[in-house]
Structure formats: C-alpha cells, structure tokens
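In the two complexes that follow, chain A is the common piece, with chain B as its partner first and chain C second.
For the complex of A and B:
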C-alpha cells in the first residue's frame, strides 16, 4: 500500500518550498517533490529576491542565506539606438538592515531554502517528476510520478510546478497559455572581478545595483532588458512577450546578443566571461490569466497560478506569499478535516485580499495595453531621447527655440492628440 | 539469507573537477560530491543479488559527515542499512589505513549479522588505485575476486560463488568459497531507476555512525595519517597530447589514409 502524506507539494521553487516550510513548521506531514537534481537546478529568474515576503517566512534570513548583494540603486533606462534617458533611485538605507531586496543566484538560494524546509521536517525527494494528479471521485488524492511504484497519496496536493503547470492543465484549471500571456526570458551570467563590478556600477563593497532597460533593448518589442550585479558575476538578460517575438520573427538569443553589444550596455560588461546561459518562460498574463487556483484536494501557487507582476518585475515574492497563504489554508482545512473545494477556496480569497490580488488587479490591463499599442516602445522612447538630446545640447540656439523644435518633433496636431491620448491611456492602465 | 555489504565512497566528480595549477592538487570545492560511480554498480549488484537470493544489503563508508548523502543515494538504489565511520582519527588515510578502518567496521557489522559477501567498486575515481578492496579481503582473510563483470551463482548452503572476472583478452570463470570479496567493473550491470518508496526511505534515512572509539580492538597507530606509509612525492596533471593529425573523409578514405601513414613508418616493421 503506497504511503499517504498530509500534503504533497510538487516543485521546490520559492512557492513550493515556502508552502512546505510553513506546513512542516506547523507539524503537517509534507512531501516536497522536485524534478531537478537539487532544488534550484532547473530554476531561473533575473535575480531579485524581495526581503519582506521572505522574512514573513524566515525572519532575518539575510543573516545566513546565500545572497549576492543587497540592492541600493535601481536604474531605469529608456534606451534608443545610441542614447538613453535614465531615471534612478539610490538610497543607502537599502544597504543596511532590514534591506529592501537582494540579487540572488537561484541554484544556490533555492537549495538553501529547501534545506530550511527539511530542517522544519519536510521530506524532500529530488529527481522525481510528478506526471499527473491521481483523481478519484472528482477529488485529487495524490500524484503519479515517473518512478517505478511511483503513486503517492495525500489529503491535499499543492501544485507549484511552474509556469507551464502541466498538472493544473491536466485538471482543466487552465488552457495552454496564449503567446501574449507568457514572456520568454533569456539570460547569461557573466563572470567579472568583484572590484571591477563595484567600480563600474559606482558601488561600495557588497552593495548592488539593478538596471531595467526599456526600448531598444527589445528592439521595440514589449518587454525589458535587465542587468543586475551579483558578487562576482553580472546577470544580463532580456524578456519579451512570446507574441512579440513571433510577430517580429526574432530569436530570443539574438535579442540577448543585441543587448550585450549595445553601445549603452557594452561598457558595463566589457571583459566579462559568460559562465552560464539560461532561458525560461515567465507568466505575464496578469490578473485576467489567473487560473482556477483551488479544487477538491488541490491548490495552485506561484508561477503555476500566473502570479507575476510584469510591470514591477516581481514574481518570487508573490510565489512565496502564495505558498504561505496556501499553507495557512491547508492548516485550517486539516484542523477541520475538510479538503473540499469550498474549504480550500479560502486560499483564493486570501490571495485576492493580499498585495498579490491588489497589485495584479491594478495592472490588469497594462501588459495587454502595451502589447496592443507598440508605439510606446517603438516611437515614444526614441522621441523622449531626441527631446533630451535637443534640450541638453548647447549649440547656441535659445531654449525657447529648442522647446519649439521638440514640440515640432512630436508631429502634426493629429499626432500630438494621439500622443496625449496614449499617455492618458497609459496612465489609466497603470494608476 | 545473504548478508551483502557494499563498501562505498563519496568522491568529487572528477569529470568536472579543476586542478589547482600551483599545488597540482584537486580543488575539491570546484566539483560536487557524488557517489563513486563504480560503487554505484557495486550497490546495484548487491541489490540484484538480494532480489535473486533473498537477504540484506548494508552499505559502509568512511568519510566526513556530508558523506551521509552518498549513503542516502545507496538507500535509493535499494540498500537496506547504512553504516558510516566518521572521526578526525580517520583523516588523511591512504589505502592501507582505509582498508584497516573499514575492516574494523566490517567486523563490528559482522558481529550483529554475519557477512557472506563484500562488494566494492573496482576503484574510486579520485584515487584510481583499486587497492582498498583487496586490502579489506586480505585483512578479513577472505578471497578477493577483482574485476568481476558477472556473478553467475551464489550458493550459501554449499558455500561458494561463481563469477566471471574480466581479463585483458577475455574473461575467466572463477569459483570461490564464501565469504569472499568482489570488486566490480562498470559493465557488470546498468543502474536501475530507483522506485519512489526507496526515494522516500532515503530522504528519511539516517545511517548508523561510528567513531574510532565505537570500533573494537582498534590499533590507533594504524588509523588515519599515522597509519599511512604512502608518501605522495609529486602530483602533476597529465600533459596534454600534442600534435597528431586528423583524418577526414569517408570511413573507407580514412582507413586508406591511415594505412598508408602506418606503412610509411618503416621503423614499425623492422
């Protein structure tokens, strides 16, 4: 007779591990399944980990977790072919406790986080793929793995199996994602001397900087490029909606090469050695794409539930919080020995009441808006660069003349009206 | 019912390890620790014999605390019990001291349950000596059968084992008395895909850990660095082969080219 657990969590990423950690801590008998050789072996993200949501789970984790650098500066570049308008905030308060966020390398961090869950009493089994949920009488009662004698049972199964979530799809919780609901990100980890990193990014030792790059980084396709500082490596990448790549017939690695060789970016990474190449899908459908997240005996968390705020490049924090909320719900369900959908659906309510639901609702139309109207990335960012160049080039023309020129550059009255309308619309989807 | 003990070791994965060019030693931090691949075949064979004849498979290792991971890997493969000897006193052991310490642990295991067969991998991929297996056999005073590539029969009642030993130009069929010790080749079996219950058992499993004090009749002078007469006078990375010529074309063309090159070397035919 196969063994039965209180709970099986499929996937040891931030969402699954957070859930397993909280459950184990509460004395729930939990099995954490991971397909990779170790947690983090298959996981990819640009690299920003948010302090608050991680601390909700492990207070003062930053004292022992394998982190790269606390981020003290966030830059946003509106980039054209050979220019960029940059907006930045640097605050040294972010460089000391309690910090704001950190760069991390997932292969190290996820492994550490999963070890913490094991210390709490979770049972971690790696190199094992959950191939389907076992459904009996309309209830999920366990999972079938790819191993011999691979069936395993539980009162409740948590699907933290990532963006494609084949298991949730098999249950009919979601359809195949449309190309405009997922972004494809490719990134490289570049080895560079610690001191050179600190010099180039104007950092004190063990401070970090993130740069988000809009506009020419994606050749006008909706998406962003990014460049983050780790201890002695840089993470550079570019993520664009799949639909954009299809429309522009671009290959993702071509885009990455383009960014790496861009005159605005190249000086940052000069002399570095690529040590790793990674690529992954990111769920960016937002609020409208959130699937069914609770069923009889089953919950869906993290990327599998499309919980990513593409506008603010937040995902790992939502993953952790969703895992924690799922655990809270399961602990409640266990106390009442009721794992029905109506009981577990309290997870959805918790999710929607939290910052996750609020933020995703706030930006529910943002990605789709920029996807539908490519002029923001294709026209307005270059326009902004031309205006800045015009204004700050001292060539003897009076400032009034310059303003007139910039005004003329905005086009005909009709084009100006369209621009104003687009800005209003952008404000509406972002506010 | 057989009691088979497989002796295993956790080693750095030498496929990806980097050598320190200055000291010519392995940079152990540069490679993940894995179960020595030959030892995985030893455990697999032990488990297969258990399935065929019934019995128990124990694994034994000497190493620092993280080596528990290698024992867990063996539990995944189907071993029943794991023993580990771990103590500063064992540190710095060469093959002589290692086989001594392992023998003492085997004697302790045998007191709890008599051992019919010890199986070791042919060698470890970090040391490449292949001496520990025969060293254990000598100390236990049992026959060592090295280079085993097939186990034909184990007969506990009549007290014999028949195996195929790999030779350079074939193999020999050998019959030995039991108990005995095998060191096995990689081609003895294919590692099977572990069933889920084994994975779960391994995740939970905690091996029995003994220190030097837990072993009986131990001569401390024979342990660790003190018991290791081996002197490593020099270590160097093998020089990369230079020169050479790459033949191109179809197989037929390449053979013809090779033939004419070889025939041109007159000194080969004197």
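For the complex of A and C:
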C-alpha cells in the first residue's frame, strides 16, 4: 500500500517551506521533500531576506531566526573603471522593529525555517529527489522519488523545486528556459572580523549595509554585482544573464575575480578570507516567462514559477508569499474536496492580484530592454562618471565651462537625441 | 593579494559528496567535435566542469554546482542534465 498524503511539497526552500508551514498549521497532512542533505544545502542567495513577507508567515520571526544583520543602508554604485557615482539611503528606522530586511546565510536560515514547519506538523524528508510527477487520467496524483518503492501519492503536489523546475517542464507547464531568461550568479563568502566590517561600512554592531554595483562590475553586460555585510563575513557576488556570458565569452568566476580586485571594491574586502564559493541560476525572465502555475492536482511556486523581481533584487519574499497563497488555495480546495485545475487556478488569480503579479507586470519589459540595448551599461554609466568628475574637479575652469564640456561629452546632436530617446525608453520600461 | 583566485582554488572551498555515477551526460559527442567550435560550456560553466580534451568533452561532474546553466546554454541542447541522487552532489554550508 503506497503512502498517501493530503499534499506533497517538492523542495524545502522559502517557497516550499512557507507552503508546508501554512498547510501543517491548518492541520493538513503535508510531506516536504528536499533533495539536499538538509534544507539550504542546495540553495544560494545574495542574502537579503525581507521582513514583511516572512512575518506574514511567522510573526516576530526575527526574535529567534538565525539572521545576520538588519540592513540600515542600501547603496547603489554606478561604477566605471576607476570611479563610481554612488547613491545611498541610510535610515535608522530600518535598524529597529519592525525592520525592513536582513542579510541571512541560507544554509542556516533554510534549516531553521524547515524546522518551524516540522514543529507545525509537516513531515520533512531530506536526501530525496522527486524524479517525476505521477499523472493518472490527466491529473497529478503524486511523485516518483529516487528511493526504493519511492512512489508517494497526494491530493495535490506543490512544485517548489527551484529555477531548474524539471517537474514543471515535464508536465509541459513551460518549455526549457532561454539563456536570456536566467542569470548566472557566482558568489563568495569572505570571512572578516566583525569590528573591521563595522568600521569599513560605517556601521554600529547589529547594523548592516548592502551595496548593489552596476556598470563595470559586469564589464557592461546586463547584470549587477553585490556586496552585503553579514555578522562576521561578507557576501560578494556578480550575476549576469547567461546569454550575456555566452555572447561575451566570459568566464563567470573570472568576472567575480575582476569585481573582487576592482579598485572601487578591493578596499572593502582586503584581508578577508574566502570560505565558500557558490554558483546558482536566478530566474529573471519576469512577467512574460511566468509558466502555467496551476493544473489538475498541482501548483507551482517560487523560482520554479519565475517569481523574481530582478530590478529590485526581490525573490525570496515572492517565494514565501507564493507558497503562502498556494497553501491558502489548497486549504480551500480541501474544504470542498476539489483539486481540479479550475479550483486550483484561484492561486494564479491571488498571485496576480498580489504585489508579485503587480510588480512583475510593472517591470515586464525592463530586463529585455537593457539586454537589447547595451549602451546603458556600456556607455551611459561611464558618461555619468565623467560628468561627475568634471563637475566636482576644481581646476580653475568656470562652472559654466564645465557644463559646456559635459554637454560636449554627450556627443553629436544625433547622439544626444539618441541619449534622450534611450532615457525616455528606460523610463517607460521602469515606470 | 586576494586568496582563492583560480577556479581550482575556489572549488577547494566547497564541500561535495560525489556520487559514483555522473548526473551529466553529453548526448552526442560528435556534436561537440564537429559542430561546436566555441565549446561555450567550457567557458560559462561556473565550476569549470566541462573541459575539452582534444577530441572529447571531459565532464567533471564531481565539482558541479547543479546550477543548470549547461542544460540551458548548450547551443545544441546536447547535455542531459539530472539532479544527483538524493543527498549527493554539492553541499553548501553557508550562503
């Protein structure tokens, strides 16, 4: 007699665990499958966890969860070869309740979160790969695992299997991703004394800073570099569309080295000790790439559903909210004992009405726009740096002359027109 | 001078629990040999799993980060990509 659950969740990342937590809390008999040795063993994130969406699931989680630092400052560097124009917001309101976001190390955090789901009554089974969905009469009725006698049945299966959602692809919910729908991120964890971190980033104890780096961090390819403060480590990384690496024939780890040794970055990390190297894909196709997310007896959540806002580096929050909305839908479906696609499709509607659908729609053309027109990263960021240098260098030239020089640097009348048009277009895809 | 500059040094920082058989397979070795002058997987793979050895592609699956780039980025869809068996493969300890 094969085992049967109310629900099987595949993948114990933020999306899957959020879903399992909410289901277990509502008394649903849920199995949470994880292929890693422990939850988090396969997961990578730059490291920013948003408070609000996590608190929607576990109020005041920050009092006990393994967090690194609450972020009080977010910097954005428009970087050239040996200069940078930086924009920053620092606000101490982010350093106290209710907080805005925190840096986390996923191996620790994901384990803690999964344990909370287990406390609610979910059954967590690690070291188990769901190799395919069991489909009978057009409905998903369970999963086949790589364990002996590994068929497990359920009323509904939630696919939280991440960016490489082989299961959703098998079901025909999406074709294979294109190289311009995923970003390849590499990162390192660098050990550094906490006092040095606080000195270098201008922080008090238990305050953190994030830096997003545009322009020369990716040598002009669409993507970003990042440098985040943890308790006694730094997370430094760089992510670019896979299509960009292919086009420029660039090795991702050499790009990471380039960022680490960049004269604008090196002073932050000098003397630190690399303790881990990680690579992962980020789904960055956005709104147009969201696959079918509900079928007969099945839902898709988190990265598996391409729920990432690349412009605002939000993903884990969308994962958690999608997991929670999937759970709400399943609880409703269970009450009516109806796990058909038309019932479960309520999840898609909830998703699209939430900030997830709204935000992804807002930026639906942004990534593709910046990929198609490389001049933003290749030309306009260096231009911005030259303008700042010109304006702030005191060399006897009058400010009026300086403005003239900056104006001339923008190029011919035709080039200026193109620049103006590009700015309009950028506004259009971002507004 | 920063430490762990080369990919080999970076890979030493990672814990792997390698299975005895590969989860990555080049479907048709002839395609790599005759149709793919760039051998782009040897460039974008973040763990340098793919190495061209004169006439064949060496696949060092033991050091794979399981990111999926090769499956998506191979211009000939010539890589069969599966998850390693449960519990095997890369084990991230921190990030």
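In this text, the second predicted complex is superposed on the first by the 431 of 431 C-alpha atoms of A that agree within 3 Å, B and C clash if a C-alpha of one lies under 4 Å from a C-alpha of the other, contacts with A are read in each partner's own complex, and residues count from 1 in each chain.
The working rule: contacts are C-beta pairs under 8 Å (C-beta built on N, C-alpha and C of every residue); 3 or more make two chains touch, one makes a residue touch a chain.
As the structure is a prediction and not an experimental result, all values here were calculated from the model.
Asks: If chain A is used to align the two complexes, do chain B and chain C fit next to each other or clash?
Replies: fit
Asks: With the two structures laid over each other on chain A, which partner does A:147 touch: chain B (first), chain C (second), both, or neither?
Replies: both
Asks: I'd like to know which partner A:275 touches here: chain B for first, chain C for second, both or neither.
Replies: second
Asks: According to the stated criteria, A:395 is in contact with first (chain B), second (chain C), both, or neither; which is it?
Replies: neither
Asks: With the C-alpha centre of chain A at the apex, what angle separates the C-alpha centres of chain B and chain C, reported to the nearest 10°?
Replies: So the C-alpha centres give an angle of 60 degrees.
Asks: Using the superposition on chain A described above, determine whether A:105 touches chain B (first), chain C (second), both, or neither.
Replies: After superposing on A, A:105 lies in contact with chain C but is clear of chain B.
Asks: Answer with first, second, both or neither: which of chain B and chain C does A:163 touch in the superposed model?
Replies: The second partner, chain C, only.
Asks: Determine, for the superposed model, which of the two partners chain B and chain C contacts more residues of chain A.
Replies: C
Asks: What is the contact status of A:128 with respect to chain B (first) and chain C (second): first, second, both, or neither?
Replies: Both chain B and chain C are touched by A:128.
Asks: Between chain B and chain C, what minimal C-alpha to C-alpha distance in angstrom results from the superposition?
Replies: In the combined three-chain model, chain B comes within 10 Å of chain C at the C-alpha level.
Asks: Starting from the residues of chain A touching chain B, keep only those that also touch chain C in the other complex, and list them.
Replies: In chain A, residues 127-128, 145, 147 are touched by chain B and also by chain C.
Asks: Considering the complex alone, what residue numbers of chain A touch chain B?
Replies: Residue positions touching the partner: 2-3, 31, 123-125, 127-128, 145, 147-152.
Asks: Once bound in the complex, which stretches of chain A touch chain C?
Replies: Going through chain A, the ones touching chain C are 35-37, 40-45, 47, 105-108, 126-129, 131, 145-147, 163-164, 166, 176-179, 182, 184, 186-189, 233, 235, 242, 245-246, 249-253, 257, 260-261, 266, 269, 273-281.
Asks: Flag every residue of chain C that touches chain A in the complex, lowest number first.
Replies: 2-5, 7, 10-11, 13-14, 17, 38, 40, 43-44, 46-48, 65-69, 71-73, 77, 81-87, 89-95
Asks: Going by the contact rule set out above, which residues of chain B touch chain A in the complex?
Replies: 193-197, 199-200, 203-204
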